[in-house]
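As structure tokens, the structure follows; a few thoughts come after it.
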Amino acid sequence: MKSDLLKQAFDKQKAFKKHAISYRKKPLESTKTPDVPKGLYEQCDACKKTFMSEDIVNNRFVCPACHHHFRLRAVDRLSLMVDSHSFIEKGLGYITLDPLFIDGYESKIADYKKRTGLDEAYIYGYAQIKGLPLVIGVMDSYFMMGSMGSVVGEKVTKSIEYAMMKKLPLVMFIASGGARMQEGIYSLMQMAKTSGALKKFNDQGLLFISVLTHPTTGGVTASFASLGDIILAEPKALIGFAGPRVIKQTIKQDLPEGFQRSEFLLEKGMVDKVVDRHHMRDTIHQLLRFHQKEL
Amino acid sequence: MDILKKEMRLNQLEATLKELDDVQAKAEINEKIEAYKNNMMKKLTAWDRVLLARHPKRLTAKDVIECVFDEFMDLHGDRAFEDDQAIVGGIATIEGRAVTVIGQQKGKTTEENIACNFAMPHPEGYRKALRLMKQAEKFNRPIITLIDTPGAFPGIGAESRGQGEAIARNLYEMSGLKVPVIAVVLGEGGSGGALAIGVGNHVYMLENSIYSILSPEGYASILWKDASKAKDAAEAMKLTSYDLREQGIITGIIKEPIGGAHRHPKNTCLNIKDTIMRSLKHFDSYSAFEITKERYNTYRSIGFLQRFNYENLKGVIK
Amino acid sequence: MKSDLLKQAFDKQKAFKKHAISYRKKPLESTKTPDVPKGLYEQCDACKKTFMSEDIVNNRFVCPACHHHFRLRAVDRLSLMVDSHSFIEKGLGYITLDPLFIDGYESKIADYKKRTGLDEAYIYGYAQIKGLPLVIGVMDSYFMMGSMGSVVGEKVTKSIEYAMMKKLPLVMFIASGGARMQEGIYSLMQMAKTSGALKKFNDQGLLFISVLTHPTTGGVTASFASLGDIILAEPKALIGFAGPRVIKQTIKQDLPEGFQRSEFLLEKGMVDKVVDRHHMRDTIHQLLRFHQKEL
Amino acid sequence: MDILKKEMRLNQLEATLKELDDVQAKAEINEKIEAYKNNMMKKLTAWDRVLLARHPKRLTAKDVIECVFDEFMDLHGDRAFEDDQAIVGGIATIEGRAVTVIGQQKGKTTEENIACNFAMPHPEGYRKALRLMKQAEKFNRPIITLIDTPGAFPGIGAESRGQGEAIARNLYEMSGLKVPVIAVVLGEGGSGGALAIGVGNHVYMLENSIYSILSPEGYASILWKDASKAKDAAEAMKLTSYDLREQGIITGIIKEPIGGAHRHPKNTCLNIKDTIMRSLKHFDSYSAFEITKERYNTYRSIGFLQRFNYENLKGVIK
């Protein structure tokens, strides 16, 4: 049955020839400094002040005035976190299909591919942080809100399996709007798939650090994102299962100040630490050190 | 005309039948009823099934437990915060075997529905379910779960007490359970709330139940900015038992009588019982290792995607 | 060091000759009907109505008017629960010592022994319920409020070990004011001892049913009483760690209605079921049946 | 004159010393100070130790962590309800080894004390401790616990969320931990609240710490109906480090400077560090099985009682 669907999907894909084989040919690399468009200005979402893009980038994408943490592209996250040129991307070549035959879904994906330079909302690979090896996975909320469909679920699982095979610690940076509606039940099932892979990973005594960044919501919160041995969060990130708008609609009540933000989750016992982007690399390095066989 | 309207017409016919004394007239109306059922009520749209899955008279978990199992003892609590009445659970026997049963419970009255929060569990409900599942594993009892929830509850308490963590923990722990888990979707299989007790070795759906990543209303309002298009969303979402079987997500479909399970609860429960018994027997010859492995592999393989031949990429990837 | 203390304690005990060797020579037996003093009357604590003792006993020590559950002596509990003459008491001969050299402690114990006919506040042994074998342990709140000192801790542990050796399910009826102050730190340590024994018991896949009766408080609540695979409670029993009086003193606030009662604990998720004394035997029998290899 | 009054006198002498310039006078007063310390402050009553254990300047868990360990990263939360600030915990290193450290935290100011509830944990505190202990076990890290609590908290929330269950669960799980647990009583070892993180392979007490089944005040008020007799209770209860060593309950005593740990925090911490390091090395050669077994046997054997020779009873017991 399943193969029928797959065949239909491919038939349909053939019509979109230019997108059908649009997978990245070259793996990403982490660079020392992210590309910054020179001479551009950017406004802070929080304090509305305007800065030169360069100044924001040089401040690790943190607002120099109000300390707001800008949303990060996966490659920029990599560049902030791992030793330069240490990243070796794995798991390329996945192609997102359209199981529910939704008008416009494929062209949307193609569009995101072009805009982000990514295959999908998650990339992973081998890397080092101050010389310590790890498997790092990063979600990109610029790719369709970092939502999880079959490909993201598969790649997350693959990254867990890759870390397991290499007996390396796994660090994931989460940024997701949740499961991807457009892929229906397949998206939901990725929650079970990724969580199951982590159970195997855990049974081997390996370390999984989950870093929750803005936003971490929906199906991702209710699966791998919440299963870290250690769970870190960036300041003021929105973290929750149900979105605040839905909650407000349901309970017809204002939400408490700071509800579903990192600091709230820390207070509620859900998160180990809220870590500033300036200290994230050091903190993770320290954790990796703590978990080496010999310090 | 949706299935609810058709049901009203059928009810009228049946009421008429009851009032008749004349044998001839009775036979005639009986024939009419059968014809109506066969011609008008057999073919259902996805939306019809949504309506049946949510039918106020739909069999609840407790109804099914009562009818399918010989004995049942309800057990309560998560041992930490609260007993969540959206989850009913305990030990039951079926044809002389002890099993653990866990279900999502809808009420039949408003009062009942408020008590069980319309079958939308809070974190402590998932944790209660997990406690009972771990208990089942300790005593080597198969686990039967009965899914019927609109989904997790979007509320302040549920979020504050970590429903994301609670659902994730269940998915994680269920994946490693050494006893067979047989899940049956009774009515609504709503998103993470359903999956949190749904990671089964076998997953069955009642014919007119639904299972989806979010409600058709939610889908329509998010994707089309128009919640009133729920009917169209239901078609688009592939959320019926037949859709899910085609997608390779579920193990099988449990038949319902024409017009829905509530029209012949006993028959439906017999079908459920048959399915459960067959499934239990299937796992009798399995070792704990095989049970875990099979379940793991089932979920590991779910995904609708394609990957370019790795060999072709070899030159590119280091 | 410890032996010095023990020697001193024995030296001191010799002075109380008549109590020193006062252990029961004959094990207890469960009988079909408990001894009832004929023609006596008893008043219900709850509704203050007076009944003939016989009527109360015949109603399983439940008030015929208001359904209040009377406190039960261990032997009466046995008589209600197990098949007549099936009980074989184990673990006799323990002698409570006086590690803190408290004036009057030994004579108090001697007094309780005489009054209750028990060695200490816990008895256990082999028994059957409707033909199903089990190890049953019963605390007696008439013996110094069922408090746990070294002997109770040891006997509870022994009962766990006995059930483990026999591979039998274990059912305990709890009734205790908590750890026994008069034995100081030894009493506290019984909490770790009994809980540790249950860990071993559990690792063998055996069944432990804990039945909380009035009152279940203090160190017993914070150890074996709360560790049942299944936890049952009698209606309206007081169950908690800190006593209500202490709480009231500390928070200087009235306690909510029904606080720390069985029904409250059920609501709070701490108890599996509140079971009426009339149904207790059937309920436990059903649970034993559910946990047999072959039903 | 209790130790606090003596300390005031000592403080006066030391203040005088500071103001002096004359070498001769300084030497004289110094001699006086030494004599005072040796003659007046060396012999302590049980009540003196209670006062020192509760001394407002007593080293807290965080002080000890700061001083004894090279690095420390605090981790938070029980993953279910709340982060209890009465429990501090995380990963630390000591001479190049990673360990998990868990302590009960008192505040030094009223504000701090309110935030950490005077080091009286709620259920979520015990559950946070357990989470960190299980994490330590997973990564094969030894566990160091620092005990300093008046006891569990007698409050509505603590009872509602099952502090009895939480403490019991810790005793139960700690009993099976496959890594060594080294417990150090820093100040007050108050009843079940202390034991809930105190089931160690080795248990040490700072010389002037106390460990007891309830507070002397509680003991006096329950047994003698007079809380003001706490001083007498302290003597009767055998709650000092020397008493507990005599009773065979603890592994050893960690020396404090004359006048109490707070007078020379650094020296005290060095002693704590030495003890921990010796203990860690002791377990280096142990297998997980031996670690669990030794801990189990230690607690299994605690009890002050006598049993009549079983053989003599053989004829009586069937």
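A, B, C and D are the chain letters, set down in written order, and residue numbers restart from 1 in every chain.
The definition used in the following text is that a residue touches a chain if its C-beta (ideal position, glycine included) is under 8 Å from a C-beta of that chain, and two chains touch if they have at least 3 such contacts.
Please read these numbers as outputs of a predicted model, since none were measured by experiment.
If you take chain A and chain B together, the chains in touch with both are D. If you compare B-C with C-D, the chain pair joined by more contacting C-beta pairs is C-D.
Mean C-alpha position of chain B lies 43 Å from that of chain C.
Rounded to whole angstrom units, the spacing between the C-alpha centres of chain B and chain D is 52.
Inter-chain spacing, taken between the CA centroids of chain C and chain D, is 31 Å. Put simply, the C-alpha centre of chain A and that of chain C have 55 angstrom between them. Each of residues 202, 268-270 in chain A touches at least two other chains. Within chain D, contacts with two or more other chains are made by residues 79-81, 161-162, 165. Inter-chain contacts occur between A-B, A-D, B-C, B-D, C-D. Here chain C touches chain B in the complex through residues 202, 205, 207, 229-230, 266-273, 283, 286-287, 290-291, 295, going by the rule given at the top. Those residues of chain D lying in contact with chain B across their complex are 79-81, 123, 127, 161-162, 165-166.
Interface of chain B with chain C (complex): residues 71, 73-84, 91, 93, 96-98, 124, 128, 135, 138-140.
Partner chain C is touched in their complex by these residues of chain D: 152-156, 158-165, 167-169, 171-176, 191-192, 195-196, 198-199, 211-214, 219, 222-223, 236-239, 244-249, 296, 299-300, 302-310, 313, 316-318. On the chain C side of its complex with chain D, the touching residues are 1-2, 4-6, 9-10, 21, 23, 25-27, 88-90, 92-97, 99-100, 102, 149-151, 153-154, 157, 179, 181-193, 195-200, 202-203, 219, 221-227, 239-243, 246-247, 249-251, 253, 255-256, 259-260, 264, 268-270.
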